[in-house]
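First chain A sits with chain B, and in the next complex the same chain sits with chain C.
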Partner chain A sequence: MEINEQLIKQITEIVVKQINGQESGNPHPQNPKTSYEGYPQAHKGTDPKEVVIGVGPAFQREIKHTINGLDLKDVLKNIEAGIEEEGMVPRVVKILKTSDVCFMGLEAAKLSGSGVGIGLQSKGTAVIHQKDLYPLSNLELFPQAPLMTLESYRKIGANAAKYGKGEKVTPMEGRNDPMVRASYQVKAALMHIKETEQVDKNIPYIEWAEV
Partner chain B sequence: MNYIAGVDIGNSTTEVCIAALENGRLHFLGSASKMTTGTKGTQANVAGILAALKEACEKLNMSAGDISLIRINEAAPVIGDTAMETITETIITESSMIGHNPSTPAGAGQAVGRTISLGHLKQGNSYTPYIVMADKSHSYEEVADTLNRYAQARNVTGMILQADEAVLVENRLERKIPIVDEVRYIDKIPEGKLAALEVAMAGSGVRMLSNPYGIATLLELDAQETKMVTPIAKSLIGKRSAVVIKTPHGNVREQILPAGEIYIEAEKDQTVNIDAGADAIMRALSKAGDIRDIHGQEQTNVGNMLARIKKGMSTVSDENQEEIRITDLLAVDTLAPVVISGALAGETCLEKAVGIAAMVKTRQLPMEKIADELRSQLKTKVKVAGVEAVMASLGAMTTPGTRLPLAILDLGGGSTDAAVMTSKGTVRMVHQAGAGELVTMLIQIELGLHSRNTAEQIKRYPLAKVESLFHMRLENGAIEFFPDAIEPKYFGSVVLLTGKDMIRIDEDIPMEKIVAVRREAKRKVFVTNAVRALQAVAPEQDLKNIPNVVLVGGSAEDFEIPEMLMEKFAEYRIVCGRGNIRRTEGPRNAVATGLVLSYLGDSHVDDE
Partner chain C sequence: MSRSKRIDVLNARPVNQDGFIDEWPEKGFIAMKSPYDPKPSITIRDGVIVELDGKKREDFDFIDQFIADYAIRIDRAEASMEISSLEIARMLVDIRVSRKEILKVVSGITPAKMVEVINELNVVEMMMAMQKMRARKTPANQAHITNLKDDPAQIAADAAEGALRGFREEETTMSTARYAPFNAIALLIGAQAGRRGVLTQCSSEEATELELGIRGFTTYAETISVYGTEQVFVDGDDTPYSKAFLNAAYASRGLKTRFTSGAGSEVLMGNAEQKSMLYLECRCLYVTKGGGSQGIQNGSVSCIGIPASVPSGIREVLGENLVAAMLGLECASSNDQSFSHSDMRRTARTMLQFMPGTDFIFSGYAGEPNYDNMFAGSNFDAEDFDDYNVLQRDMQVDGGLRPVTEEDVIAVRNKAARAVQAVFRYLGLTEITDEQVEAVTYAHGSKDTLPRDAAADLIAVEEMMNRGVTGIDIVKALDESGFSDVAESILSMLKQRVVGDYMQTSAILDTDFHVMSGVNLPNDYMGPGTGYRVSGERWEEIKAIPHRIDPNQF
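On to the complex of A and B.
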């Protein structure tokens, strides 16, 4: 299949049309921004067994499924299970100051008692981060969200916990599909925009108990 | 002024040394070392020689054409190879046990009960103790809920899970029980059988099930049955979790594979069975005297192994397989982790194995052809001069603090060679199988590594464990901090320190285990071989008659082998140490230096 600008334009138009259609025919969907004022700001953990999962601003509110349709509830549950099985304690915070997965992961790591955190965008992209690393560096990055499964999220949790314990970690086998970019580029961009719209610089992060 | 170059073609590296001759005195100017191109002794070597000469000349601001004489060694016509064969096999019959090391079992302790699947728990009764088995179709929540529901109605004492969810289930249970997880073939465990389950406390192995009387206590066995379960207990030593199931004929059996016999054709012919182990083989070898050939019983493991070595050699040396003769062997006992047949959780068992290095004598290598090729390419005089061991001894003499009689030990990749030069100038020498490559193979087998390359690197470099982004613990226990945060890919890993950078080991093996295996492999090969080789060349076969031993060759550069040999030879009051050729070269370049030195002693009629 040849991909050119025109084709992408066409696809974009169709997708935008469909999404607008879903939004009960509203021609200019302007998602009302959720305000998290009054929510408890996330605290810095002191438990060395803690691994913090930092989810994106639109997580479980504006976006409820990952890019390939996994329920975010199940995704979170599996990451938590992976952490718990390794004997560590999961905690979830919602990062509001940014929608960039690496910065989210770093914020989560800085809040985490073990210094290891997971950044999880609502579309499913994830990263394992450590508090002393540069933002764009990381321990493990899982960039191709459309290829993720619940098992791989479980494994992300387990690996993050192992990093937290200082154990030898075998990085997850990377899966790669060159067609993913073409098939999901538009959807990924739209989901990312939806997430970025919820960014709130005034409230950096809050505790997130919603499952 | 005349420039003379010495060229040493080795199995793995080609070394050159350049000296200037002025008024009958030699001044050493420089040296270089390059990878040997092609098999030692073939014309393909010329490329490597030229590259090494060029490098040495560039350092001296001259061109290879300025050299007036090149001296090449008469390379020793031996090539070595290695092979390994397991000689025992462990089989579990009737799914009688599980013993593995899941990373996270839960709830330390022991339990006894009848095996029952989660689905059948409803049909059970309230007075029988049960060990519940759940396959991975049940989620941890479902399993925990079911167990909590039956907490009063059923007596569940322990649990076996297929998925890696022991901690998850245990955290949700109202009454804590020991749980073994990651049992891959859970469906093979029979239901309704009496079973004993144990999860060890963190940091230790199972205690009850690795003890025959412990099993007897838990499963109420009589004396006869207790005797039967001894192999099970033995195979569970050191495991983090274990299950023993009482079945009428279930057991663990160690079977000795028909490994075969080795036939040594020599002054006194010898036959030795591989099962007897490495020591017996080496004893037979030393009894045999001068060896003509060694071969193995046909259609057996060792027969195939030796045939494979000969076949490989005939390809390398371009000779008929019938003409290839193995003239020396080094056998080493080792343990290889092998998956147990009939295992339920993919358990491995350390099976006995024998590693063998064999050495093959080939006909004289065609060094003259290499000399011709060099002559035509460089338009300079090239001479094939001297036997390798003699040249190495000459070169080794340039190490400060040595005197005659002097012994050299050339620790190479394929063979360990020894030579003794007496004060009268006579030289005795011996080539023996087993050196660096055998060490690499032993490391690879015992650690169960996938790549030979990783094993080679483990052999070469010291280890460290990266404990944070800012520091690591070295294998001697010291802590070292990094000036800057380290790359995250090393986080938590065991790494090799090459001096320049770090190499991550992908396998999950504790640093202490790697160190132990590495040191043991080096000791088994090099210490055994060094003593054997020196005994063969020592005057009156007595090591005490050798005052100096100089270690040369690639493996003498190793960071711990010279120390091991030093410790060993201290027993015989021998001065032993890593050579320092011409005070500058370390253990390398001995042969090339010897070649240049020997020019002074030669009659130069043909050179004029």
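On to the complex of A and C.
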């Protein structure tokens, strides 16, 4: 039997998981919290062509797919493509201080050279925000993540870029499925709990290059 | 294993598309009783609560402190805490004990004690208690008026039809948040065009909502959200104190206001601190009481998928409505959010508030088809109007609605749409064409209406707000455009803010703008022969559903 580093790591993980589970008598052991200590803190942009995308604390680490199964890598690529198509420049930061989509979007907007930012939770909920708006206000909000497609994420990128350029923007037509809550609210809670477990108030945001 | 055809059929039933999960108290997935909920206790020293539900004052979070300082009658606490929870539960269903007596006892108990009391009751007992504890003698109903396009003409038409059907409050919200002022104005005009005295509000970001109220675009406010754990408050940049301040801001301008809370919000936001949904909601309701609000919208509200997923969750929802009533608060008892694919299950959930009656059974009922409901779908919608009317008739229950005729529906929809068209023209806003008016008059929902130029609307919204347009400008516009009756009604609504009587608990207005509240029309139920009974004109109205067989036709 070959014993390599990876195998030892795997066994250790299993043992730690079991111990954690037993100690609390909890059938749902917690995810170990990822530390982002030493990562470069996200900077405030100066390029007026820049639109910042602020992704959630669990983005692409603890959570890799949105609530309806879209790969977060593809989601990000499409938002970026939408921004670029409008001649603007995307930058991705990971927001760690909060998992609330509106506050994430506002942080992204404040870091953005154009003053327009996008908040993107790992479960797929998104918002277009502007640095001088109230936190719980927004330019456009997309609250029903299960209805989102890669195409709609691309349009979010494009609309955010247009706001950044100061253009007259037609908001994306609302989408609504009254049965979304019945089908998805429990899953949404579980995913948001997972995201919130990764919140780190000491490291507000970092540059995020993991695409 | 060969598959059972029976099980196949059952698996395909709508109810099995709903989300269910086992209890998981560590993350708050527990309805009424968590092993981590505190035990009731209170210690008072020199007129100050120094210990509350097992926590010493120095360990209080800001919710504990707010409750200890503002939400419990210290002069009554020791006597009330002496009475066993079982005894208080029995008083609730005892027809010889009055609402007043219970309000007095309950004013001195702690949140953990309240949880114990509610846990003693099954749903039938809770309904009996609600029948007695509701603040206003007559129940009422509230509608949601929204659409996917934020089309002001459709909002006005649906508001008018809703008013005609009997809703005494109507609430809008937006598909695109920046439409708020247009939606608020369209709702204000449409509601009064339908039936006089309907209160209206626009659910939006708090500062925006306050401004809409101050300008006179709305006549009440409902979206002051409170939470059961400190962390969720903090995440929203808020505290119980800031909410109390916001409440006072509305009061200073004479606007009726209620808070909003409900089971599952802390779970959804990832910070339930291992407590049961009922315990956290009790904390919210004590904060609401302490903040000086006359009432609450609760019953899980938009988080209903969470309590509905765990055992005894729907019982908990009625339980929290009851707690609101026991604290003397007006209760707008939710039923306002779709949570189940099953018609059977969604109806059963609503019967718990429908049968005993609450101040507002829904908060609200979708006055449009659910695909247009921008609160992500209500538990009942425009397609359920006739079912609802039949339920009222079957059980001789007043659910706040009434049957209407097609002619009346068309007439009020058209008038409302024309009125809002005239106001938009007078104020120099974006155009509402005759074709749009015609479309919404006969429409069921936004699939039947014409497109709007959203970008132009949003520019007009901003320009209108910068110009400082107020409710009085709308009155003037209506009056000078030939809608003096609607102008008169809106002026009467604005006058309410000067008079202030409709800020009393559970206030609604009748069609002559007279206030009916828990103060001048208090619930006096004490068993058979007392309280509100459906009778007289109102019963005749409920009986007259369409589609009755006429014996003379045979």
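Definition applied: the second predicted complex is superposed on the first by the 185 of 211 C-alpha atoms of A that agree within 3 Å, B and C clash if a C-alpha of one lies under 4 Å from a C-alpha of the other, contacts with A are read in each partner's own complex, and residues count from 1 in each chain.
The rule is short, and it goes like this: a residue touches a chain if its C-beta (ideal position, glycine included) is under 8 Å from a C-beta of that chain, and two chains touch if they have at least 3 such contacts.
Here the structure is a predicted model, which is why all the values come from computation and not from measurement.
**Q** Please tell me, clash or fit, for chain B and chain C sharing chain A in the overlay.
**A** clash
**Q** Considering only touches as defined above, state whether A:Q130 meets chain B (first), chain C (second), both or neither.
**A** The answer is first: A:Q130 touches chain B but not chain C.
**Q** On the A-aligned overlay, A:K168 touches which partner chain: chain B = first, chain C = second, or both, or neither?
**A** After superposition on chain A, A:K168 lies in contact with both partners, chain B and chain C.
**Q** Once the structures are superposed on A, label A:L139 by its partner contacts, choosing first (chain B), second (chain C), both or neither.
**A** both
**Q** With both complexes superposed on chain A, which partner does A:A182 reach: first (chain B), second (chain C), both or neither?
**A** second
**Q** Touch test for A:V55: chain B only (first), chain C only (second), both, or neither?
**A** In the superposition, A:V55 contacts neither chain B nor chain C.
**Q** Of the partners chain B and chain C, which touch A:I203 in the superposed model: first, second, both, neither?
**A** A:I203 sits against neither chain B nor chain C.
**Q** Between chain B (first) and chain C (second), which, if any, makes contact with A:A81: first, second, both or neither?
**A** Touch status of A:A81: first partner only.
**Q** More residues of chain A are touched by which chain, chain B or chain C?
**A** Between chain B and chain C, the winner on chain A residue contacts is C.
**Q** For the combined three-chain arrangement, which segment of chain B clashes with chain C: 494-502, 530-538 or 584-592?
**A** Superposition on chain A puts chain C right on top of 494-502.
**Q** Just which bits of chain A does chain B share with chain C as contact spots?
**A** 137-139, 168-171.
**Q** Within the complex, which stretch of chain B touches chain A?
**A** Answer in residue numbers: 103-104, 140, 164-168, 171, 467-470, 485, 488-489, 491-494, 506, 508.
**Q** Which residues of chain A touch chain C once you look at their complex with the stated criterion?
**A** The touching residues are 24, 26, 28, 98-100, 103, 134-141, 143-144, 168-171, 173-174, 176-189, 192-193, 195-197.
**Q** So in the complex, the part of chain A that touches chain B is made up of which residues?
**A** 81, 84-87, 130, 132-133, 137-139, 158, 162-163, 166-171
**Q** Under the touch definition given earlier, write down the residues of chain C that touch chain A in their complex.
**A** Within the complex, chain C contacts chain A at residues 17-21, 24, 26-27, 29, 148-149, 175-178, 205-208, 235-237, 264, 267-271, 302-306, 309, 337-341, 370-374, 376-378, 381, 453-455, 458-459.
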